[in-house]
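Here come two complexes built around subunit A, the first alongside subunit B, the second alongside subunit C.
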Partner chain A sequence: MSIFEKNQKANEEKPTQSNQQQEPESLSDDILLNISKLKTVFSFPANNALKIRNLYLPLYEKNVTVLFIEGTVDGHLIDTTIIEPLQKKPNSPLPKIDFISMLITTVLVTSTTKIITTLDDATMDLLNGNTIILVGEEPCAISVETAKFENRSVSEPTTETTIIGPKAAFNESAAVNRSLLRKQLRNPDFICETVKIGKQSSQQVSVMYLKNIADEAIVNNVKKRLKDIETDTVLTLSQVDQYIEERSYSLFPTTLMTERPDRAASFVLEGHVILIMENSPTALVAPTTFWSFIQTVEDQYLRMPHGNFIRIIRLVALMIALLMPALYIAVTTFHSGMIPTDLLLSIAATRERIPFPVFIEILIMEVSFEILREAGVRVPNTLGPTIGIVGALILGQAAVEANLVSPILVVIVSITGLASFTVPDVSFNITVRILRFVFLFVAYLFGFFGMAIVAAFLMAYLVSMKSFGVPFFAPLSPHLPSSKDLMTRPPIKKQWLRPLSMSPNQKVRSSKPKGMQNDD
Partner chain B sequence: MKRISLLVSLIPLLLLSSCGDKLELEQHAYAVVIGLDTNDEDDNLIDVTFQIANPQVGSTDTGAAANEPPSDIVTFTTPDLLSAKELANSVITRKISFDHLNTIIVGEKLAKTPLFHHIIASAMIDPEIRLENTLLVSKEKASDFIDANIPKLETRPHKYYFYMRQRWRDTGFVPLSDLNRYFQRLSGDLYLAIYATTEKNEEVRKNEDHYVAGQIPQKSGDPVQMMGSAVFKNGKMIGILTGEETRMSLLLRQKPLSHYAIQSFTDPINNDYRISTQIMMNGKTRVKIDASSDIPDIKVTVPIKVQVFSNPSLTNYTTNLKHQETLKQSIKNELEQIAKDLIQKTQEEFKAEPFLWYLEARRQFWTNHEYEKYNWSEKYSNANVDVKFDVKIESFGAQMKPEVIRDTGKD
Partner chain C sequence: MIKIIDDKLGTREFTSVVLIAIGMKVTDSTPSLLYEKGANAAWIIPFFYLITIGIPFLVLLSLLKKHEKGLVDLLFHLTGKVGGTLICFILSLLIFFSATTSSRSYIAIANTLFYPKTPVIILTFALLITSFLVAKRGLTAIGSVSWFIIPTLEFLLLILLVSVWKDAHLLSIFPIAGPGLSTLIKESLNHSSIIGEIIILAAFFPFVRSYKNYQVASLLGLGITLFKMSLFLAIYVMVFDYPSTVNMAYPHQELTRIAEFGAGFTHVEGGFFIFWIIASIFRLAIYLYLTAFLLGGALRMDKFEKLLLPLVGLVALSGLLPENEFIMGSYRDLLNKIGSWTFISLPFLLWFLSKLKGGKKNNETDKSAC
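For the complex of A and B:
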């Protein structure tokens, strides 16, 4: 068993390195000095991203400098909400307070403004698309939110498609993503915390959860792992995922990526934590159990019998995707008595002319299929149809006619390939495809016996795995009270209990429906 | 590093497993039928005939071979079945496998010698020989039977036996006989095996089921006739039952295997004709055994439902209640007579019973020891057997008018 023992995440054990907390450099009251410092930070004028606009305000007899970074701001917004109000004479009499406060309260007409006093804050805000207003002889600056990054509009989900249910998907803007989630959950307890990661170009990760449901220990665990990330830059959530997961070498994912706001919201309602990050068109769900990987939102959107039907179909497909080639190889090499005589004879008849053992034969087909799959993803759109034609030739009649494979194998590989497409999660899908080869190999060496051994080890590994402290097969094993939304699901009215494996603060969604015996 | 070296050192272990001598599917020769005969020259040797299916004929278009026969039939003379399997590889290119063995055919001559049981019992050591294999006794030598059995509609030999076995279960002309049942019924009671032949000795009889294999009048068609059963006692064949007797013996069992059968009876009104009917079980056969004395009392009640199928004499049974009663009585008498004759035959000729009544008799004793001491099969030959048929006629064939519902005044 020791080989299956996980490699504990290294940075969990290491003592957090004492960051050399330097005293942040504050802004001076010399406006020129401040400007030149900022110029140095942004390598002005070699780097022409920093835009500087000097203004003299005759009304107040002040020198003001407006700074922003090109590409992060909405120029029109700066014109209408900063430059114009500064130069226009206000309609009302000016209050007798200091100039900075007066600007914020009376002149600037934007929704979010704040006063900053350090150079680091100024740099950070500039990078995030704020406009900095430096005022002569004042040791502070005004930061106005004018961010506007280029972004595509909300579109339909591309990987988690459903027939019914909402059609919106997350996109690359964290603000949009958070808004999509807020739209689903209008709840004051829906918390959005921000954790900064990355040493050099620090990125913000939004940690979202329901305060009154999510277990504090889980939330803190997630936040701690985020804070422990020690690298200069993390570009997307997929990389964050790899930093915070427990077992980097494991075949099984312990977090889930979803591009559907409705799915993310349903996880939030069960006490999971959602991570959202700029530039990532997905939300990361932690912790995750095995069940999340084989379920789709549609199971819950459809009526109970219909939802269960597609769930069972998917379970069967999962088994086929995992075991079908191995079963075929085991049966034909070791347990030929199990095949109906007619089938046996027809397999034997076609196998007679094939020069390879059945293992090589199936390997040829499986590898071709995997190549085809990978090619299908990487191929430029214009060449798309070509892949289809070439693939059909390799996996079809031509391979049979060339006596490379027997016809039944084409059926086996096709059904396996087809079945593997029903696994909804991308990571888990690849897991299944890798494990298929493991099963294939032991089935060739030991038949059913080998498959049973591998399956037993696999089960042992899976039940010992944990995702952020939650066992991978919970609440089935270890058995904890839940609404039994596992392999199949009960009618929606009976799903009154949250899975206690998530140790939610509120255990029930509604009062227990009448006529239900004590759950568990 | 340690883990990796551990894993690497495990790899040769995989290759050294005993599964290294496995063969691919097509490297086996699948014997689907085995024939067993006594050797003509040495009584202690047997002739083993293998019928090996040719995968390339009749199974698939892509791998079809044009000029090969559907099966290869070879006969070897050896002391037993397993040495024949080994010897066969001096002739047959592929390794013989019994994985898909379907039917074991025993020549009547071998079946009547004690050698048969030794051969078949010792062959069970081979795990490839399954207990579901059908046992079939052929009147002629099994090798001749296999040679002559070229069915017209089935190219592949195993398919012929597969289909036939399904028919056997339905008609009840032959018993359901497999090795499992053979080994179960070795101690005193009779085991019925399918009796078949390709040698014709045709006789036309009025009663369509009163034949044994070979006697059925037949023009053209498949060469094999399967009818009646070979009776085994203690692993040795001792006689033959006709189709009718076989059917009756199945009917008298507590749990009949055949659920319906089409059988004809003499028309009681017009004796020149016969009425053909469908007989169905109307519940289970009830067997009551009193084994308290040395002469056991056996009372059997067979509840059956009868549907008249054809009535060539055109006697009015449909509306004439008196005729109905006559018919019912006549069917009952006829069935009881057949049963009586059969029981007499088993008591006098075979001195054992094929009706599985021993199961009921055994229940009369507290311990198995007591039952063995009682010696049921010996006592059976003197037993008083009373068979009653509880006949209920359900319909009288074609009905021209709707039935008149009479008010019986009961409710």
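For the complex of A and C:
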């Protein structure tokens, strides 16, 4: 009964709420009332963020009030483009139109100015760094773009480093990030749509794609998932990522974060959608396939044979990172006939004085390596070199001499660790590291049989997994026409076809050299 | 514009399904069946399959093209409700037995050759549960994963071939006709069910993108399978020679034991074993899905995937029954015979019914036109 009542109450309340949303409070023609309303919104004077400047303009015989939020605006810009022109006599005669339009067309010397009529708009614009000019006896206000947030300059990529290729990386300003992308793609079809997310302090996410290439279904899917986010505040793109992904519990990421504008641009050219957000030094790419996680931009920047060489090395490294400890355990425990006799004897000799079973031995080493790795990320810069010294002790001669591990295991764990550093994507890297332990465990239980079982399930899971409707291993399996830029890549001139797994509107790349650039 | 994903199988995917479902048989205990009567000429039998199964299959293809229906719908359409239910049930039973015997034989291989100390129960459940999880992801997933793995599998077989080539004696396959042509033909008829499952795979017709895809894929799959089967039946004889092949339960695994890559790696069977187990998991997944689909067809269930779990339990239990290990051996021949004649006669029966019905329908339309 009580539930029923609650529901009823909720139903009763809903219409009133939606009414409020439908009719936002408009500005009145009383300037003092408007100011006091804005003061209430920003808890003035307890909160001293709101700055109010009252002006009397003798030239026009009007009272105006200039409002802005401290820390979001460029003070100098306000002085030179708003306050100064308002008080100076214009050189040319004034046109005979209403005061607000006259101010916008003749007096204010800024590039972006608009008229707003509601209190909500005024609040939003103030928060976004605009300056609001309220004019006496007018039921509207002028909003002038004067935003200036503190921001670091464009720097080099820190996680996706390359030897050749552009060195710019995204930073925390969405405007800068968008500009970096626009610099790559000077195309009128390059769309930037804005979706608002978050109920309380709403954030804007820029959805960017090429209108003539990206599949509408994918774009709409991404936008729908963004709009479906039901929470009050989302601070960064990494959180947006977790809200819009399909499988929260899955080990495998279905979206890609990149800090390279060139990489993001190459995804856009294949019909992917890019999300950009304030405070996030990355772009989010959706949908993503397996290939984007193991490829780097350098594969395409280097000549074909060179690019393929490093790509194959990375594939081999991926396999080593995933399977090496498991293979070692399976071979030494179940299939010892497989290794050459001499090697077998030497392994047995070195293991003679180790008190643990091989599984425990390898677990000790792998866990220490993971700890070392995590410590390397968290350690303050000044203590950096310590990690190297301690690490070398744990994973090296000292451990062997203490009879904790056998020397061959040090080699195995080192090569595994080294190989895991070649996986370029951060999330996928962690996936590989977790799966390594899974393989380790089943190899200990069942040897090759167990590894085959896990591998079979993983394969079936991965080929049937979809990222925004695109199969994870497409266009390899399920097979779809593409430029075969998968495990290896053809010469750039032969990459004339976009991967059809993305259902691009234009299947064939344009003949522009820029259009040839792709990395997936 | 191609739709992103239509959840259907293309030519490559379905070819891979055929290759894994039927082409893998040459790597399990099937060859010993053929060697029993076929002796050293067992490798000729696949050529006879071209006729004994090829012709019924072509008849079935023409029916599929005409009616644009999968096998199950075709059965119900042509033989009526009772007939359709009955035949679907028989077919699902045949596939179920096939799945049971294969899973049992896979476990036996893993158990005897690699894991003598691991309990059979654990191996069986590990294998079948994985197959179930794969099958649970649907036929599209099975098709994709088959296409994903099949190039590696075929490449490994090629490597195996190359690495044992030096042990093969070409003269062992003579005399060409072995026990005589008439015996070979008789055997190929009685053991058609080995390849005849291609006819049941027509149940998957609705999952394939178009008739053209299905036609190309199944014929290609059949062709490659027959070629591979013939080649490996010949290789086994060439390497192990005739009388010993009959007593050899798992010639493929024996062959991988002989293979070596240079002096350092003399025992590489483990490497082949990994991929063989992966392939057998996918094969069992296909069989489970097929059984569930046919049974679902017989029971007129739309959500036939719910049958997978009880079926996998049944396969595991019946594979584990200690009696089955021995009794299945003797019944296997009988089952093969029943299966073979069912597969050979089914398309002709359907064709006959289709002609009969089609004639009726044409008459009716003619009458109405008048």
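Just so it is clear, the second predicted complex is superposed on the first by the 488 of 520 C-alpha atoms of A that agree within 3 Å, B and C clash if a C-alpha of one lies under 4 Å from a C-alpha of the other, contacts with A are read in each partner's own complex, and residues count from 1 in each chain.
Basically, a contact is a pair of C-beta atoms (placed from the backbone, for glycine too) under 8 Å apart; a residue touches a chain by one contact, two chains touch by 3 or more.
If you're wondering where the values come from, they're calculated on a predicted model, not measured in any experiment.
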Contacts of A:267 with subunit B and subunit C, given as first, second, both or neither: neither
Once the structures are superposed on A, label A:170 by its partner contacts, choosing first (subunit B), second (subunit C), both or neither. neither
Under the stated touch criterion, which partner chain does A:407 make contact with: subunit B (first), subunit C (second), both, or neither? first
Where does A:334 make contact in the superposed view: on subunit B (first), on subunit C (second), on both, or on neither? both
Could you say whether A:358 touches subunit B, subunit C, both of them, or neither, answering first, second, both or neither? first
If you stack the two complexes on chain A, which partner ends up touching A:446: first (subunit B), second (subunit C), both, or neither? both
For A:350, select first, second, both or neither according to whether it touches subunit B, subunit C, the two together, or no partner. first
Going by the contact rule stated at the top, is it subunit B or subunit C that touches a larger number of residues on subunit A? C
One more residue to check, A:209. First (subunit B), second (subunit C), both or neither? neither
Residue overlap on subunit A between the subunit B contact set and the subunit C contact set? 334, 337, 446-447
What residues on subunit C touch subunit A, complex-wise? 1-5, 9-10, 12-13, 110, 114-115, 118, 123, 126-127, 130, 133-134, 137-138, 140-145, 147-149, 264-271, 273-275, 277-278, 281-282, 285
Touching residues (chain side subunit A, partner subunit C) in the complex: 215, 217-218, 330-331, 334-335, 337-338, 340, 446-453, 455-457, 459-461, 463-464, 466, 469-471, 473-474, 476-480, 500-503, 505
Which residues, counting only subunit B, touch subunit A once they are in their complex? 3, 6-7, 14-15, 17, 19, 22-26, 28, 30, 32, 53, 55-56, 59-60, 62-64, 97, 99-100, 102, 128, 130, 156, 158-159, 162
Contact set on subunit A toward subunit B in their complex: 2-3, 332-334, 336-337, 341-342, 344-353, 357-358, 400, 406-407, 445-447
